[in-house]
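In the two complexes below, chain A is the common chain; its partner is chain B in one and chain C in the other.
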Partner chain A sequence: MLDQLHLVSGSLFGLFTFYNLVLMLIGIAIGLVFGIIPGLSGLVALTLMLPLIYDMDPNSALIFLLSSHAVVTTGGSISAILLGIPGTEPNAATIIDGFPMTQQGKGGRALGAGLMASMLGGFFGALVLVFFIPILLPIALAFKSPELFLLIILGLLCIVILSKGHLLKGILSGVLGLIISFVGYQGLTAMHRFTFGSLYLYDGIKLVPLGLGLFAIPVIIDLTAKGTIITDKSEKNTVRQSEVWEGVKDVFRHFWLFLRCSAIGAWMGILPGVGGTVATFIAYGHARATSKNRDNFGNGEVEGVIGPEAANNSKEGGALLPTLVLGLPGSGAMALLLGAFMLVGLDPGPLFLVTHMDIALSMIWTLVIANIIAAGIALLYCRQLAKIAYLPGHIVASFLLTLVFFGAYCSRAMFLDIVMVLVFGAIGYGMRAFNYNRPAVLLGFILGRLAEKYFFIALKAHGSLFLFSSPIAVALDVLIVLVLFSDKLLDWIKKKRRRYEG
Partner chain B sequence: MKVSTVFDGLILLVLISLLIISKDYPFQLKLLPWIFIPLAIILLSIQMVTDLRNKTAGTHLIEWVKAAKDSEGKYLKTVLWILGLFVFLFIAGFMVAAPVFTVLFLRANGESWRYSVCLSAIGWGIFFATFIYALNVRLYEGKIYLYLFS
Partner chain C sequence: MKKMILMALYVYLTVHFTGSFCNTPIAFGEDAAQFYKGKVVTFLVPYTPGGGTDAFARMMAPFLGKYLDATIVVQNQPGAGGIYAYNHLYNMKPDGLTMSITDSAALILASILDEKGVDYDFRKFNWLGRLSWSSRVILVAKNSPFRTLEDLMKADKIKIAGTGKTDATSQTIQLLFHSLNIPPEKVTTVLGYSGGKEAMMSVMQGETDMTSLTEDTSYGFTKGGLVKAFLTVDTKRSKFFPEIPAFYELTSPPEERDWPLAAFLDLQRLRRGMITSPNVPADRVAFLRNALAKSLKDQKLLDAAAKKKTLIDPLTGEEMEALIKKKVGKLSDQQIAEFRDISLKKYQ
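Then we have the complex of A and B:
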């Protein structure tokens, strides 16, 4: 018990070194700015930050990345409430009631409620992590190579199937990511694949140029070609500080709603592929369905702000759970975070928590503290911060483009990495235009190498029937089949029910 | 022909080439590629056939070219700027290319000379001070520098 307390307090004090605090503040600033500017997302922020972590120790690197990722949606809520434009996709649900409140001159109250719900939501997500890690860890440790291989396949399937609308392209994207991961040296045979005699490709395609190309280049092209998204500066975004505190109090007046919506967000975060947008809209729907003022929803109801904002930030804690415990990322951002684990020499998976519990605890503390600092900054400077969203697209793009090239180069000091950014930029642009699932490509790429490793270890240890080598493996097989045919199964159940009712 | 079909077709070509290249690899090296590449080819073929059969959805190549013209070539210009920066970086390195590109890019997008130069100087001044002097990050110096000083 004393040891555990020592570990928890040690990881907290480790966070308060000057170096880590500076990194956290830089991360928070980047997260807030990328959240506020519509069109830039947390994924773009993470890909731009990845090259900077090469020389950092693992703990500092993850503090840097996570502090940014944890607060992106907090920044997004400022533009959603004050300008009526979602800074990030999941903030879309906040607009429904947040922006009408601003139009009625109650922007400060909406902002206070939204930011407080965001902060406490982040705190709730961290609590979920603390509570579930000890429960899930023994189960995760029972997973051997066959189960881990099946888990990766299951994770990939969940994500592509839950990518709404374009199932075929979702699966295809995941598979393409896997194929990209095959390029380069294969440890098992000590031979190279698909390198075309190029020394550059011997080491495989790297995460940084792939991520920057797939996500940042399409954003830059759109920012420049379309210009700024916000052209109408006449909207009133007047915020009175007294109103802000009224909004803060609103969260405590509706604390039970906040708790329920945070739980929804955390649960949605745990499920692979569901995503923040679904979580916030479900939370909004729940807030509306259970409210006494449901008729006022859509016209500026503060509960309609608290619900989605609580879910928005609590989902990050939930999403970290499968990433930390199983090494299975549930979203593109978590896949990048998992990639960052590998970049700084950490081996993700169940053993990570046994060997690096201090880093895991430090990540949980980062979630809590980053959310508190970000909400504090946003509450004090919301009016000034909202002006960032008015920055013309070409000004943002001019710096962003050079930073993308800089990031690609400085990760390994290889000019060919910039060429790869351009190649993947073209592919990423096409993929976005034709509804491919780019996060699934990233996920396939990051999990591809792990899948191959576990596949061959399992094959060696358990023979060709490794897919049925244990009860857990069989259960995962069944789950994979269920997920694969979930659409058909649901249709069949609906048809049967209709026939029965008819 | 639809634009998406052209894009899918290009991916299909790459996948088929990879499959042909990997046929001489040892068993363990080609096992997973030979599971996943054919799977991708099948999925892509289904996608292309579905796209071709659905005549109403998607943009045709001719319409796409017309839309690109209607947007006053903004997308094409942006791509050319990106490629221009790449070539400029290759020749002149980050220290020269980054600030000069920013000034030219802002000027081309309607900002005044004074504003463009000031913004670029402040932005890159802070950036280079942080990364080169504080963090000792080594930047790509460009072919001209390497030719003159190495």
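Then we have the complex of A and C:
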């Protein structure tokens, strides 16, 4: 334990170089702004930041990205509470009680509670990571290629099944991602796949144009088409500092609730594909179910703000766990983060913790410190920050468009990358219009290559029965079958019960 | 007045920057030093950022810039084990404004083994010099049953971890097995790990039995205690592992079985080098070689390398070219065919 503390504190000094701190502050600013502006998600922020990390050392690059990603929902809670619009999707649950509080003139208290819960939730997520570190190495060592392959399949399945909307559309989106990942030269078999003789495609489709196209271009089209993001400026948000303090204290009055909701968030983060929105609504539901003031929920109850906001930020710590230990991302944002690992030359996967414990620890510290700084900034300047949401859409759009093309071109200085952004932009816009699952494309893209790699290795190293090569593998097989038939199984149980009752 | 000053500044800056970024070669009558002065020279790294080769290139770039009196831009162009970048450089306008760091052994092997996608003839590149080389060490798990060469000979089943067919991670061990006359049916080569580190991880997990990495990389991993060095595949012991025997200390296999391994080890001696496109004017090649040689002797670079525990062992461009001619040139077509058979088929 002492060794661990030593490591953890050592990594803190690595984090506190001037350069890294500046990067972190920039990352936090980007995260807050993208969180506050409705429609601009953390994913868009990450895709835009991705091209900037090429020349950074891995540690700085991940600090930069993670500090932005960790605080997006903190920014989002400002819009949710003061304006009644979710800054990011997961903040939707905060509105239910946060916005009524504002309308009752208790906006300051709601903000104080929300931001404090966000900050401590971020803390909680980081703690979960720290506590898992001692057992991470044995876990990583137990997961060989067959287990990793099965885990990827399980993860892809969960994402598809848990994705909102149409099941078939979810599957198709994932498959599209898989196919995109197959483009290029396959070194193992010395095959050219889907390259059509083009030298550009020889090297495969890159994450940066894919991400920018899928996520940033549709937002830009929207912003230009709709003009302003929020037209209604009538809301008067009066925030008094004393009230904010009262809200901060609320979190400690309901500390037990805060802890439970943070735990829910962290757990939901670990599960692949569950996503932030589900996590916050479950936390909200839990807060409501266990509260004494159950009936007041929906009319401005502070517990209804604390619950989802705690879960919101604690889930990032949880989500980092499978990403770091097994190299398996559970969400679109984590897939992008994993892509960033590869861009800066870190091998994601079980080995990461053996060779890069320092980076893992500095990521944990980033979670903690970024959350503190972001909550501090938000508490001090919430009123001014809320005005960002009123920025005219066309200004935001032109700014984003510049960033998109700049980023796409700069990453490799290839003109065709810009063409690719436009192609994927069209695909992304169409997918959103018809309710396809865009994060599933990203996951399919990242996981597809990994799945293929582990499949080849497992087949060669463990023979054709690799699916049953260890107890863990067998357990995963069973889980996959259960997930595949979960719908049918639930139906069957219901029917049985009905018959039993009847 | 203020506007005038701003305007003047603007014009000056525009001219200044277009001047420095514009790198069209107008070479007639200029000498090489004059040519490079103030130009932008692209320094390709055929691997992803963050790896050992990338770190080396980035460490060296400012020194090259100093001796060329040019701006060096390091650009990663990974893909197909470096082949993508080498193809790119080979087919480029021969102005000498782009060079690449190489894994020379891999570059040459891919070419003589006729790997798919190779679009270059390694003999035609202008070799600028060698930066470093390192012996390869075989790593096994901490509790591995393999302790001596006899254990290898007696084993029923050996799994080798590697990244790609023509990569030294597995090739070193395959050629060693050929030299020891270990029958192919006892050996499985598991390929597809995305780097030496991952191959090492599979050894750690017990998924495979052994892999081979360079001595400096191996040293870092063995400190963790989960893997240990088994053998240095060379004539002399590695200074990182003075207690681990070198292969040729233990045995001297007959020439007719050992020549492929010996030829392979010769190539490994060239390992980290620098090249520029074919047909670059001779005076520019000479100038580049000279700048590289000076950079590699710069005390500041040596200090930086020592701090990072990075080996530097330079060879001039001329020496390197001569070495390639001598070592690769002596292989007959039949030998090359046999070599290809051993490293691509025998132990797969």
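Rule of thumb we're sticking to: the second predicted complex is superposed on the first by the 493 of 502 C-alpha atoms of A that agree within 3 Å, B and C clash if a C-alpha of one lies under 4 Å from a C-alpha of the other, contacts with A are read in each partner's own complex, and residues count from 1 in each chain.
In this section, a residue touches a chain if its C-beta (ideal position, glycine included) is under 8 Å from a C-beta of that chain, and two chains touch if they have at least 3 such contacts.
Computed from a prediction, not measured in an experiment: that's the story for all the values here.
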Side-by-side fit of chain B and chain C on chain A, or clash: fit
Chain B versus chain C as contact partner of A:Thr355, first or second or both or neither: second
Touched partner set for A:Ile418, first chain B, second chain C, both or neither: first
First (chain B), second (chain C), both or neither touched by A:Cys410: first
First, second, both or neither for A:Leu141, with chain B first and chain C second: second
Partner chain(s) touched by A:Pro58 [first = chain B, second = chain C, both, neither]: second
Partner chain(s) touched by A:Ala29 [first = chain B, second = chain C, both, neither]: neither
Chain B versus chain C as contact partner of A:Ile472, first or second or both or neither: neither
Partner, of chain C and chain B, that touches more residues belonging to chain A: B
First, second, both or neither for A:Thr402, with chain B first and chain C second: first
First (chain B), second (chain C), both or neither touched by A:Ile179: first
Minimum Cα separation, chain C to chain B, after superposition on A (Å): 5
Chain A residues contacted in one complex by chain B, in the other by chain C: 188, 413, 456
Of all residues in chain B, those that touch chain A in their complex: 3-4, 7-8, 11, 15, 18, 21-22, 25-26, 28-30, 32-33, 36-37, 39-40, 43-44, 46-47, 50, 71, 74-75, 77-79, 81-83, 85-86, 89-90, 94, 97-98, 101-102, 105-106, 109, 111, 119, 123, 131, 137-140
Chain A contact footprint on chain C (complex, rising order): 48-51, 54, 75-76, 78-81, 84, 115-117, 159, 164-165, 188-195, 197-198, 200-202, 204-208, 220-221, 224, 226
Chain C partner contacts - residues on chain A that touch it in the complex: 54, 58, 141-142, 144-145, 185, 187-188, 190, 192, 202-204, 342-347, 349-351, 354-355, 413, 453, 456-457, 460-462
Contact footprint of chain B on chain A as seen in their complex: 168-169, 171-172, 175-176, 178-179, 182, 186, 188-189, 191, 193-194, 217, 220-221, 224-226, 392, 394-395, 397-399, 401-402, 405-406, 409-410, 413, 415, 418-419, 422, 425, 430, 433-434, 451-452, 455-456
